[in-house]
Amino acid sequence: MASEAAADCSNPFLNKEVYLRAYRIMLQARILEEKLASLYRAGSIRGGVFLGKGQEALSVALGINLRRGDIYAPLIRDQAGRMAFGDTALDTLRTYLGSLLGSMRGRDGNIHRGRPAEGYYPMISHLGAMISVVAGALLARRFRGETGIVGATTIGDGGTSTGAFHEGLNVAAVEKLPLVLVVANNHYAYSTPNMRQFACRSLADRAAGYGVAVREVNGTSLDDCLHAIGAAVGDARAGKGPQMIVGELLRLVGHGEHDDFSYLDEKLKKSSLGRDCLAIAEERVISRGWATKDECQQWRKEFALEVDELAGKVLREPQPDPIVEDWCALSDKRFLDSPHCYKR
Amino acid sequence: MSVTYLEAIRAAQEKALREDPRVFIYGQDVGEFGGAFKATKNLAKLFPGRVFDSPISEDAIVGVAVGAAIEGMRPIVEMQYADFSTCGFNQIVNQAATLFYRTGVKCPIVIRMPSGGTAGAGPFHSQSMEAIYAHYPGLIIMTPGTVEDAYSMLLEAVQIEDPVLFFEHKFLYYHLKAPALPTEALPAGKARIARAGRDATIVTYSAMLHESLAAAEILLEDGYELEVLDLRTVKPLDTDSILASVARTGRLLVVSEAWPWGGVAAEVIARVASEGLELLDAPPARINALDTPIPYHPNLWAAHRPTAATIAQAARKLLEL
Amino acid sequence: MASEAAADCSNPFLNKEVYLRAYRIMLQARILEEKLASLYRAGSIRGGVFLGKGQEALSVALGINLRRGDIYAPLIRDQAGRMAFGDTALDTLRTYLGSLLGSMRGRDGNIHRGRPAEGYYPMISHLGAMISVVAGALLARRFRGETGIVGATTIGDGGTSTGAFHEGLNVAAVEKLPLVLVVANNHYAYSTPNMRQFACRSLADRAAGYGVAVREVNGTSLDDCLHAIGAAVGDARAGKGPQMIVGELLRLVGHGEHDDFSYLDEKLKKSSLGRDCLAIAEERVISRGWATKDECQQWRKEFALEVDELAGKVLREPQPDPIVEDWCALSDKRFLDSPHCYKR
Amino acid sequence: MSVTYLEAIRAAQEKALREDPRVFIYGQDVGEFGGAFKATKNLAKLFPGRVFDSPISEDAIVGVAVGAAIEGMRPIVEMQYADFSTCGFNQIVNQAATLFYRTGVKCPIVIRMPSGGTAGAGPFHSQSMEAIYAHYPGLIIMTPGTVEDAYSMLLEAVQIEDPVLFFEHKFLYYHLKAPALPTEALPAGKARIARAGRDATIVTYSAMLHESLAAAEILLEDGYELEVLDLRTVKPLDTDSILASVARTGRLLVVSEAWPWGGVAAEVIARVASEGLELLDAPPARINALDTPIPYHPNLWAAHRPTAATIAQAARKLLEL
């Protein structure tokens, strides 16, 4: 089994330090998202809340393999990957709670947050659209003579059906760009099951059609994810062209917090796909003697406390004020089109 | 008993499915699940095989509808949000909209477009794209603002043999209610006087109808009687009714939630200026969303779109000219 | 070799009657297109002229396997397939020469002609867009309980890079529709060579990613094309789901008649891909004793004469008159939006 | 020696590539081949690696440009025809146009849009899409109508740090000539009086500038002096210059090759009606393409778009009011 092979600690992608870091970030993401869910239920968040529960292993394995200078365009369920890449609980809370101090200044929010100047690209909603953007960013880096960097992005099983996915991945392949594309096949796109989404054996079968390397991975196993994605990122960094990873897993929550997941197939839920990657990772951490159950418990408490405190602080921060807002869609004010008859 | 705007849309689809075997519904999550907003709730069960999920492929969804229409079906497509129709844009404006003119073969498809802003929905789940599509020849653009119209216009849309884009407003889904479904209706293409008045005409449609009616209430306190005209369809645009109203009031304010440049408001004002200049006692005015992406934060969003308060303010200014 | 196997006349897809018919249609298409080219040079055609020279075998093999009641949405280089499906030299000339009597009444023209009411769909220019339309047509047929029919369309190597190709093929696969998609890889999209268009080994490698059956075929060999496409159409008709055929060939003319094909790689031209499918087919016809060289010569003359006569006649036909034209984009005049201020 | 409109576009790109190492050109067939219209002829040779072919993937082409711009490049994208930008529509209006507002990070891309009709080009190679894009916040819409503007505005576009859609008219490519490339230019956003006159104002842009100038010549024979204002950019729209001209003439005719509903002509008339009603001595008029797909046949095409003759006719009607 891949996961047994990966448990070999001589594996360069799998050592105590990395694994523990990954596990702790998964835990942090999970706790933060639980807080977001409770804030949502309390009515403190007005937009939607879309969580990554069950997808933390796959997500963190990508984020943790990226470095400063890389490009990362995460998707809906990438709270763990985001935190691994350097996003903070503070900015997460700020965007969800609409603080003016958040990176998006209230103009966009939640899963749409990012800091493009730092290589952290905020998704637009239209699925698939970030792939070509990351490809373009990598092209720019190549123009500037940078090597050894990668650009990474995520797509869901549903998102693979978009024309943008196809065009973006193909362009990256033609240009042999160091793109890492993680496909999180959580078996549903909102309520739509895989069999209404695609008819191929596995989404991994798409890779050959682009001339792109591919790895299939058990998305519930942090071991597997770290191993496969570590290798893929390494190959991309080494100039071997775009890399695709298809992670099989299940989200353990509804599409968003408004969704009761009534469409979930019980059989899938009970299958190995339905296992909680965080519980599995914790078990591994403990069984390998990298931390004790108590330590894990302790971290959980610490993170929860930290998140509660941050949320309290953010809830007192200023919210955007339409009077102060500059209402300007262009950076160059000379070209603003605001005739008198538009003005309020 | 009362019916919401959303229920009316669901009921119209049920009726269409029941009465016409050529009707089917296609879109993301419209099957078993009943759609992101539940506009097709239970329909998959009631009409097995005729209400089914698509992949996330807006371009193909519209293409499929066009092909099916050519072969005699009457597809209703649900875009999950109007905003995502940008990904099916080409098939809408170049395939569906041109088919009849080019070939003489009709293209009876309906595309439902859940539109407009709600608090916290942000730049990609709030757009009002009616002006974009109205610019293209070959499309009928419906923008119902009442429960009754949501029902009767959707039924009419299914019967029309040309492509209809049906812009239903998400803000109205749950809040807007009527005592019952209508049994008769104005035909598409005709505007309706939602409120009669003599001092100025507000021309509007969709959710802004209600903000405008509320603004009219506000101005009533100042003794002004505003006429509010609900366009119902923005293409065709009922120029005659607009001119008739302006002839009565002499003043025109157009209210739209879409962006200003080239929007419904611009088109209405251009028509009145060209065809009814002498009717105007004051310069026509418009109030639109501001010319930026639609902000996510509710504070900003509330200031970005027109509201009863800002409409009342604009109307007052107009009345004082 | 596949083509040798195909030469086996017990092959159901390969008998004298079908082969001769296919050959004669190829010849007819070639001669008609030569006429179009000369009319273009003479300035009698104002729009573009885009020819299928070198692609007749692949094209005719599809058209000839379709029946009345099937759906066919041909592309740029499908003059031969069109004629096999029932299009005529007369209507071709009418659309190119702008006769009011043409099927498109001057509103659209040339390669954009069709008769959708007869299952013959006119392409829009946007590549890839017809695939989902054919899928929808097939869905409608299924709704109406029709079986044993197929829908066929063509795409070029360049067109496979469009999002519409991806979405359309995927939808057809999910719905298991009897779609036959012929990919004509003529190694150029306008001037753009395959290596700037895709990075997979063969476009046939795309099929698995959709769960679609695929056949690779030598597009210069009518034997191969008839065999592979015959089998694919048969499988589609039998309910085996979408079928893809990838034909390798070269166009033997520029992208359009305005294009001098300066970018053509000499090596490709001299390779077996550069052979003329019509010449090969004629050679086979003769070597198999299905017709003599003289007979072929005679047919050529007859077709040329016929086309010349038709062109002469069409050139005298009425052209559209803007005064009579109804300028109506909707079928239902009640919904026309034509305020006074629009009118001329 | 003279320079064509197309040569000016090519020259501007050459200069931009030469002077700014961040500039690159991406699009179908733009490399070795030099583009479908030869607007990038020889540039791949002159600037190795910086002018290169894309797959037929308009969505990805624009996405690539946005990503590259975020990372400091100055991409110029060539759409093979503006009509095909419908396939990249989503990335233009939702990715490029929203980036700065949402994130504060600039998006300096230029998308060249070969636009407008030529005889026999048909419904999918003739479109004028400027109004569609102008409706969206976050985009600058340039519509050069002269050789000089084609050159200087494209150079300016490359320098602007916001997304610019550059609508170049195919009808002008080979026919329109100037003695030499300009050395100075009006900034974008400013309209230009192409011909001074006192009796009426024609507001126009792009290829219709020349039809309008020809119409002005025709009316001169009747003793009318028409002022012709070339908008140059349709967003921002130089409302002040329009109002100033209408103030002088009292009459307004707007001419655009795009479809009427919500087009540039509607927007211009709406602005003048709202901000300069008292300046108008007669109802403002517009002349647009007819509201059908653009027909392929040259006879129909010539009647579908405005021409000097139909513009002159409309102007005469306006003058007689």
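For clarity, chains are labelled A, B, C and D in written order, and residue numbers in each chain start from 1.
Methods note: a residue touches a chain if its C-beta (ideal position, glycine included) is under 8 Å from a C-beta of that chain, and two chains touch if they have at least 3 such contacts.
The model shown is predicted, which means the values in this text are computed figures rather than measured ones.
Asks: Measuring between Cα centroids, what's the chain most distant from chain A?
Replies: C
Asks: How many angstrom between the C-alpha centroids of chain D and chain A?
Replies: Using C-alpha averages as centres, the distance is 40 Å.
Asks: If you average the CA atoms of chain C and of chain D, how many Å lie between those two points?
Replies: A distance of 35 Å separates the two centres.
Asks: What whole-number Å value describes the gap between the mean CA coordinates of chain B and chain D?
Replies: Here the centre of chain D sits 30 Å away from the centre of chain B.
Asks: Rounded to a whole Å, what is the gap between the Cα centroids of chain A and chain C?
Replies: 44
Asks: What residues in chain C touch two or more of the other chains?
Replies: In chain C, the residues touching two or more other chains are 104, 107-108, 112, 124-126, 161-164, 167, 170, 174, 196-198, 328-329, 337, 341.
Asks: Among the residues of chain D, which are close enough to touch at least two other chains?
Replies: Expected reply: 54-55, 57, 59, 83, 86-87, 90, 94, 97-98, 101-102, 123-124, 137-138, 235, 237, 261, 270, 274-275, 285-286, 290-293.
Asks: So what shape is it, when you link every pair of chains that touch: line, ring, star, complete or other?
Replies: The chain contacts form a complete graph, every chain touching every other.
Asks: Under the stated contact criterion, what part of chain A meets chain D in this complex?
Replies: 71, 103-105, 107-108, 112, 114-117, 121-122, 124-126, 129-141, 143-144, 163-164, 167-168, 170-171, 174, 328-332, 334-337, 339-341
Asks: What does chain B use to touch chain A in their complex?
Replies: 28-29, 31-33, 36, 52-57, 59, 83-84, 86-87, 119-125, 260-261, 285-288, 290-293, 295-300, 302-304, 310, 313-314
Asks: What residues on chain B touch chain C, complex-wise?
Replies: Residues of chain B touching chain C: 24, 50, 54-55, 57-73, 75, 87, 90-91, 94-95, 97-106, 137-138, 140, 160-162, 187-189, 235-237, 239, 270-271, 274-275.
Asks: Please give the residue numbers of chain C that touch chain A in the complex, ascending.
Replies: 161-167, 170, 173-174, 176, 195-201, 203, 205-212, 241
Asks: Can you list the chain A residues touching chain B in their complex?
Replies: Those residues of chain A that touch chain B are 45-48, 98, 104, 106-110, 112, 124-127, 158-159, 161-164, 189-192, 196-198, 263, 319-322, 325, 327-329, 337-338, 341-342, 344.
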